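Scrolling down, you'll hit the structures one after another.
Okay, so chain A shows up in both of these, paired with chain B first and chain C after.
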Partner chain A sequence: MHVPDGFLDAPTSLATAGVAAAAVALALRGARRELDDRVAPLAGIIATFVFAGQMINFPVAGGTSGHLLGGAMTTVLVGPFTGLLCMTVVIVVQSLLFADGGITALGTNVVLMGVVAVVTAHLVFLAAQVLLPKRVSMVAPAAALAALASVATSAATFVLLYSVGGVVPIPFDTLLTAMLGVHLLIGAGEAVITFVVVAGIMGVRPDLVRGARGVLVSRELETRMVAA
Partner chain B sequence: MGAPHGHRLHFHGHSPIHRAPAHLKVAALVGFMLVVVATPLSWLPAFATYAAVLAVLVALSGVPASYLARRMVIETPVLVFAVVLPWVASGPRVELGVLTVSEPGLAAAAALVVKATFGVLASLLLAATTDPRELLAGLERLRVPAQLVQIMGFMVRYLEVVTDELGRMRTARESRGFSARDPRHWPVLGRSVGALFIRSFERGERVHLAMVSRGYDPGARR
Partner chain C sequence: MRRPPTRVVLAVVLGIALLVAGVVSHYASNSPDGLTSVAVDLGFSSSEQAAAGGPLAGYEVPGLGHPRWSGGLAGVLGCLVVLAVSTLLFRLRRPVSRAGAEDE
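Take a look at the complex of A and B:
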């Protein structure tokens, strides 16, 4: 899914880098509201968690396996701003320290797997929470929908970028159908994994899931005298 | 972090490339790759020059070619895509033995392979010759927002802690006779990811409290 060097032309790469920089600047401000002074330490370890989570192979069949992309999961768990910061840092570290994803495609990768994935996931998650019954058990399904949508939108955005700055003439419809077809499958896998992960966390520490704040019943600590 | 150790790609050495300031190396990598990406494929001498520059830099760095070659596997998905390209691209067809493929597609696939290979090799060279802490300091000198560099700094420090935690969880699963073979095993793996999140979050909070109690001020410059 990482776009390599030489896939999109230089002007497109620079333009996406500009978009990515603006979005990250916005997220740096927003994250302070989500995590206050804990931004750097917590966002750092959550970014590491996303990185490690991407290393877990989910076997599909016949020796093939897929892995989590994590954009939607991170958004639901820690909020969109912190989520975008974490995804950005993961993509930058993967590019600089692991040579995964081209250095000139850094902006493109941040836009596709960061900005587009996180914004879509956040909007779909909010919409799903409005439409679905307000219950704790509905957080994981809403997260799964957000995961499916975020993967599909990222793929569609890639096709759009490619039609502007791609270096090979591929008919737009062919590419769109192929990319969406493949990524709906990937998105379905992502949705299932996101569902299992979020449901698992909701069962143990629902207070850590930021997206669940609206549906969690806040219970005050009561001390009562019980009549003998 | 006790003894000096880099990340998994770091190759310890004292060559001129190792000693060059990190911010210059990052800027050079970005500049070099922008030039490579902007070069049309028809300028063959230019690509020969790029290859020569990379070869000289690799030789100068003292990083064994086999060390870099083994890590080039990260490029595999790009190569797969390049093989598919000539079939899906439009434009005039060209005979290639018994196969008929798109001519611009073939050219573009060649360009993609060459440019992506240069990109991976140049990035690997940066990763192999730069200590992560120097890299972060270099990014800060390149005016990357301090908060972003701080987050990266925490990530680099936590990287081994969290991946080790993941490894211990796998050992625990396997010692209970679990091995993931198909999607029926996803719930177990998914719950492992969930547990990893909770453990990571709690560790982050603990470390943050420990830092605050030792006088950490996020606004202060390090």
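Take a look at the complex of A and C:
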């Protein structure tokens, strides 16, 4: 999903850079509320985990591969604002140190893999928590749904950007079908990885998972009622 | 059930990340990723401008011949940089709490 330099024209890249900068500024403010004693130590480690996870390309259909994006994983584990900062650090390091993703495309990549993925994941995760039973066992499935949706909206947003500022004229429908087709498969991989990681941490220390706080509080209250 | 202390959980997650970046990454698929293959299929990949390069461009450490060592070391170095930058950033963003009184 890393967009290289040259795919999008200069005005579009400039616009996405502006959106990315505004979103990161917002996240820097918002993260202050998220970074408590539980989230703060985990956040840097999760950013590192996402960087490592992004190195593992897994094969999907027909000679194509995909890798974890991590927007949903970070959103569920450390919160959306801190999650966006995690994603931004990873994307900037990849671009500057590893030449993975363009420099002029930096804003585009932060928008696609950061902002769009995190906002989608946050909304879908919240919706899933409302619709699914309020149980600890439902946190990882909700995260997996958020992961699948986040990859799909990232891919669809690229198509939108390309229809506005793509250098080569490609019919919108053709590009949308191609991008969604392959990225739904990649999204399935994203869902599996996100499920395993979130379920793993939920299994040993659910209190470290920021997205699980709603269910944990209600469970503790129930326990007290039974004890009384 | 006894719950492992936070630092044990963090150490395990970090250990897995280093293992994935340092060792498992060698076995990752080399096929083009979703966007790249769509770009090739639909004929807009040619507009890609060669990346400006970077000290670890292409996830390789320059001068290290063996791809396994070169890629693995690049992955571990990347992990350490991400860890250092994000930890510093999050430390700066933490609300300053003094003796029970929350700032903000």
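In the analysis below, the second predicted complex is superposed on the first by the 194 of 228 C-alpha atoms of A that agree within 3 Å, B and C clash if a C-alpha of one lies under 4 Å from a C-alpha of the other, contacts with A are read in each partner's own complex, and residues count from 1 in each chain.
Criterion: contacts are C-beta pairs under 8 Å (C-beta built on N, C-alpha and C of every residue); 3 or more make two chains touch, one makes a residue touch a chain.
Keep in mind that what you see is a predicted model, and the values were worked out from it rather than measured.
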| item | value |
| --- | --- |
| First, second, both or neither for A:A10, with chain B first and chain C second | first |
| Chain B versus chain C as contact partner of A:V93, first or second or both or neither | both |
| Chain B versus chain C as contact partner of A:I46, first or second or both or neither | both |
| First, second, both or neither for A:V24, with chain B first and chain C second | first |
| Which superposed partner A:P133 touches (first chain B, second chain C, both, neither) | neither |
| Which superposed partner A:I193 touches (first chain B, second chain C, both, neither) | first |
| Which of chain B and chain C A:H67 touches, first, second, both or neither | second |
| Intersection of chain A interface sets (partners chain B, chain C) | 2, 4-7, 28, 38, 40-49, 51-53, 55-60, 85-86, 89-90, 93, 95-100, 102-103, 167-168, 170, 174-175, 178, 201, 204-205, 208 |
| Residues of chain A defined as touching chain B within the complex | 2, 4-7, 9-10, 13-14, 24-25, 28, 37-49, 51-53, 55-61, 68, 77, 85-86, 88-90, 92-93, 95-100, 102-104, 167-171, 174-175, 178, 192-193, 195-201, 204-205, 208 |
| Touch list for chain A against partner chain C, complex | 1-7, 28, 31-33, 35, 38, 40-49, 51-53, 55-60, 62-67, 82, 85-86, 89-90, 93-100, 102-103, 155, 158, 166-168, 170, 174-175, 178-179, 182-183, 186, 201, 204-205, 208 |
| In the complex with chain A, residue positions of chain B that touch it | 7-9, 26, 29-30, 33-34, 36-38, 71, 74-75, 77-78, 85, 88-91, 104-105, 108-109, 111-112, 114-116, 118-120, 122-124, 126-127, 132, 135, 145, 147-148, 150-159, 161-163, 165-166, 180-183, 185-187, 189-198, 200-201, 203-205, 207-208, 211, 218 |
| Chain A-facing residues of chain C, complex | 3-4, 6-7, 9-10, 13-14, 16-18, 20-21, 24-25, 28-35, 37-39, 41-44, 46-49, 51-59, 74-75, 78-79, 81-83, 85-87, 89-91, 93-95, 104 |
